[in-house]
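Structures given as structure tokens follow.
What follows is chain A paired twice: with chain B in the first complex and chain C in the second.
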Partner chain A sequence: MATVTLEHVSYIYGKGTPFEIKALDDVSLTVKSGRVTGIIGHTGSGKSTMVQLLNGLEKPEGGRVLLDGADIWENPKNMQAIRFRVGLVMQYPEYQLFEETIEADIAFGPRNMGLDEEEISKRVREAAAFVGLEPELLQKSPFDLSGGQKRRAAIAGVMAMRPEVLVLDEPAAGLDPRGRDIILRGIREYGERTGSTVIIVSHSMEDMAAYCDDIVVMYQAKVFLAGTRDEVFSHAGELASVGLDVPQITHLALLLKKRGVPLPDAIYTVEAARDCLRTLLQ
Partner chain B sequence: MKLILSILYIVCTFLCKNVLSFALLLLSAVLLLLISRIPPRIVLRSLRALLFVMLFTAVLNLLFTKGETELFAFWRIHVYVEGVYSAVFMLVRIMVLILSTSLFLTYTTTPIALTDAIESLLSPLRVVHLPVHEFAMMMTIALRFIPTLMEETDKIMNAQKARGVDFSSGGLIKRAKALIPILIPLFISAFRRADELAMAMECRCYRGGKGRTKMRVSHLHASDFVALLMMVLFGAAVLYLNRLGLFYTL
Partner chain C sequence: MTMNDIYIHAKNLVYAYREEDGLKMPVLHGISLDIKRGEYVAVLGHNGSGKSTFAKLLNMILEPESGELVVAGRDLCSPELTEDDLFALRREVGMVFQNPDNQLVATIVEEDVAFGPENLGVPPAEIRKRVDEALETVGMTAYARHEPHRLSGGQKQRIAIAGVLAMRPSCVILDEATAMLDPVGRREVIETVERLNREAGMTVITITHYMNEAARADRVVVIDDGRILMDGTPREVFSQPEKLMAAGLDVPQCTALVHALSEEGISLKGTPITTEECADLICRALEEKKNGNRNA
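Showing the complex of A and B:
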């Protein structure tokens, strides 16, 4: 539905002070519409900054941020409309819940959009279903929920605005494996069902490999590698040179292949490896 | 020690009563600034923050001080020479006040040293069972968490902006309402932080001031006494100049 493009974008923190830090350095990038794109990189590689540029929370120092070919800063008064189109879930979004019930909190975004009550309640239910929140939880206070449930409620709060581009900064950080899977699967489902573009920021290669179509690798404020999942993971050596690695299971598959096991090239999840090995054994 | 000296200095600024003593005051402030080697830009910025208050007091003094020699009258406003003097004096006084406190306390003293100082100054009150150490600890913690809370506010604000909150338009009531989604999460996280901090402190066996020793014990050095001596001289000079009663006296 919507394409996000960065053109020679740079961003500097604390410009003009001795603590000047270049967070983004001449970054050009196109995120393909309707796909799930993972942005991966170490702490301080510029991932989170990039994400805040996408919906106009921060203004780039140089370059342009384009949404469907139009500069989002062209008319700053329209920024609110941009923010409804580009939904952003920040890191640890559970700390922004504030309403009395989960339902009211998820409805907060759509209500700000000025939708009617019927549409709002439809969207709330739909968003809650995406992230796997049971309907009976909707009437509870956000503070009676577990950490993982709160996280899911916060993500649903952004999904309920039905953004054309859904951006999530570390949506799975600090969760147990099961909670992580529920969230990432829900996000993927949201993208597939609504045709929206999804951008996930993470530092976990395993998650990226399992849930993303395209991958962008950030390193020292620059784009280091970008392409489809297969393209990026075929550069295992270069990834290792910046301290990132292909998923462990991919690593294992490569080792097995070297020993003469006829496995396909692209194995990124344990399930895929299991299935391949099973067919081989039979 | 530094704390006592700054308080003395502030007292002196209020003792100043005529042109000469004010000139001395201004001179001393400038000298201190030079010695401290703080970039003038930062000092000016701290002054600018209180510019409005300064101007307001000056104008009030200008308009409402009654004297004998009228400078000029406009409509029902009478401006007297005395008013001009007191306005200028007030301005200088506030300026020096801000300069000296920011100079002595904020720019050259760490918050920890400051609370240590408060603790030791208040320690005589321990006799009347005042929890002096706890006060000082509370102050340290409060100071420590100001930047953290500011950062937190920023984050929450961004998150709510992303959900379409508009902080910059609408009437007063609408704007106040827009703050609710920020304040509630902020309070909650502040309580959570307080809880976690208390837990962490207990895990490290913190149990209040009794029998607690200091990591950095401050001693009085020769330079402290030199500073005290200079302060006394300065105070005496101010008092002496006041008695001269040259030019105009308040």
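Showing the complex of A and C:
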């Protein structure tokens, strides 16, 4: 269990050059322990920069990044320990597989942590199970796997380190609907079983609506909205006004409300819409 | 439909990849379909279904194993097909791939767009004209002198499309060209190809995982395990959510809602694709119920 806090964090790319861009502008935020938090926003809204600050890949220009209340930059020599606690899965992680077998690739992280072979093997099997990789795939070369399977192997490699905070940048991008569901469900299951804090960055409101407890909406380097899923989606109109794609079903609920159909404020899944409309139509 | 209207004719098309040990890995098991000139077709299928393989056969990046394949009047299975035919075909059938960073070759946007016609030996004045027109069409004129690597993903894909347009093609194939883009970039790319289809009559084939994108096409073809599973208008295809889900796919949320309600015994007549259609359908049902109550 771990809480991540950003305190007045700012970050600037290309400082002092004509290309200077403020990626994060005085951002304060608490990501609650043991929950799945989605970070959503346009390209350039600062969300990828934010996740790279969480495990010290980037250092904030101003403000502090706290892990359970302690500044992660307090003792920079300790950064390796921080990175063991905060695991980061970057975009398109399947390009980072490098070992001869999937098993060896997943084992790379835990081995670097100095765990014994028995524990490593246990972690590998456990992580593979989270992402739904069949045991017989473990002895295969990454070259023999499909794109979706490789993606899952790469995510398992970070899960096997059992980080207290698991951060994933666009884990489902480019996958077909079934592959997307397997990965997102596996990530949720990792959070539930280990009690870890999970942070998912995504463009897809529909995925966020289906798999996250809390949602943070980034817009132009600032936090635009943050709260539980219900709280955030009750502002569907505002989300649409800044050009964010609310799920089609949320858009439908907004339209119906405008036409006088009595619906609650936050409808973001097909199931919720079905239940509300069933009552009205029966 | 006369033969002239048919842009792509495929019959019993078979393709197999060859493994290291010489064994064949069949991917397409007899695809038969005709695509008309000027049609806007979305091809759906899960990863590994064979949909990208099908696309790569259309401009001979891959060669069919057996079957018939005629594209833009050229028989691609004919033993008499020459290298010149192949180059002519690739000029006519342009492809845009998934990763925006893998398909731009020059350091300046307009030079990248000029790359294709330069290789064809098009005279410089004509190249200038084509590049300007192509950039205009994709709405990137203001970026002609920019460096591609500083553009957004959606802008890069529009430059890739401009590069294809500068070859004066009659068909554009997007092979998951929106998969790596954010919603804004995706919209930019889709609106660009839809305009090409509507205004220039270009044949557009888009391979995608996004159901909302497929819903905008004239026709949706679903490929599953190397075979055509479904082929029809978006409405016809999306009215069978179980079949799509069994193939690892989805339907738009509004379509799923109407289906979910029907499973609860509340049947709304029709398969709405867009949000507006769905809202109309629900409002009408609520209205009918109110009137029914009054009469009762």
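Here, the second predicted complex is superposed on the first by the 254 of 282 C-alpha atoms of A that agree within 3 Å, B and C clash if a C-alpha of one lies under 4 Å from a C-alpha of the other, contacts with A are read in each partner's own complex, and residues count from 1 in each chain.
FYI, a contact is a pair of C-beta atoms (placed from the backbone, for glycine too) under 8 Å apart; a residue touches a chain by one contact, two chains touch by 3 or more.
Computed from a prediction, not measured in an experiment: that's the story for all the values here.
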- prompt: Counting residues of chain A in contact, which comes out ahead: chain B or chain C?
  reply: C
- request: Go through the superposed model and pick first if A:176 touches only chain B, second if only chain C, both, or neither.
  value: second
- prompt: Which holds for A:221: it touches chain B only (first), chain C only (second), both, or neither?
  reply: neither
Task: In the overlay, answer first, second, both or neither for which of chain B and chain C A:87 touches.
output: first
- prompt: When the two structures are overlaid on chain A, which partner does A:212 contact: first (chain B), second (chain C), both, or neither?
  reply: neither
Task: Using the superposition on chain A described above, determine whether A:95 touches chain B (first), chain C (second), both, or neither.
output: first
- request: Could you look at A:243 and tell me whether it touches chain B, chain C, both or neither (first, second, both, neither)?
  value: second
Message: Quick check on the output: what are the common chain A residues between the chain B footprint and the chain C footprint?
response: none
- request: Give every residue of chain C touching chain A within the complex, in rising order.
  value: 45-48, 98, 152-153, 176, 179-180, 182-185, 209, 211-212, 248-250, 252-254, 256-257, 260-261, 264, 266, 275-276, 278-279, 282-283, 285-286, 289
Field: Complex interface listing, chain B residues touching chain A
entry: 155-156, 158-166, 180-181, 184-185, 188-189
Task: Show which residues of chain A lie in contact with chain C when the two form their complex.
output: 42-44, 146-148, 173-179, 203, 206, 243-245, 247-249, 251-252, 255-256, 259, 261, 270-271, 273-274, 277-278, 280-282
Field: chain A - residues contacting chain B, complex
entry: 52, 55, 57, 80, 83-84, 87-90, 93, 95-98, 108-109, 112-113, 143, 157-158, 161
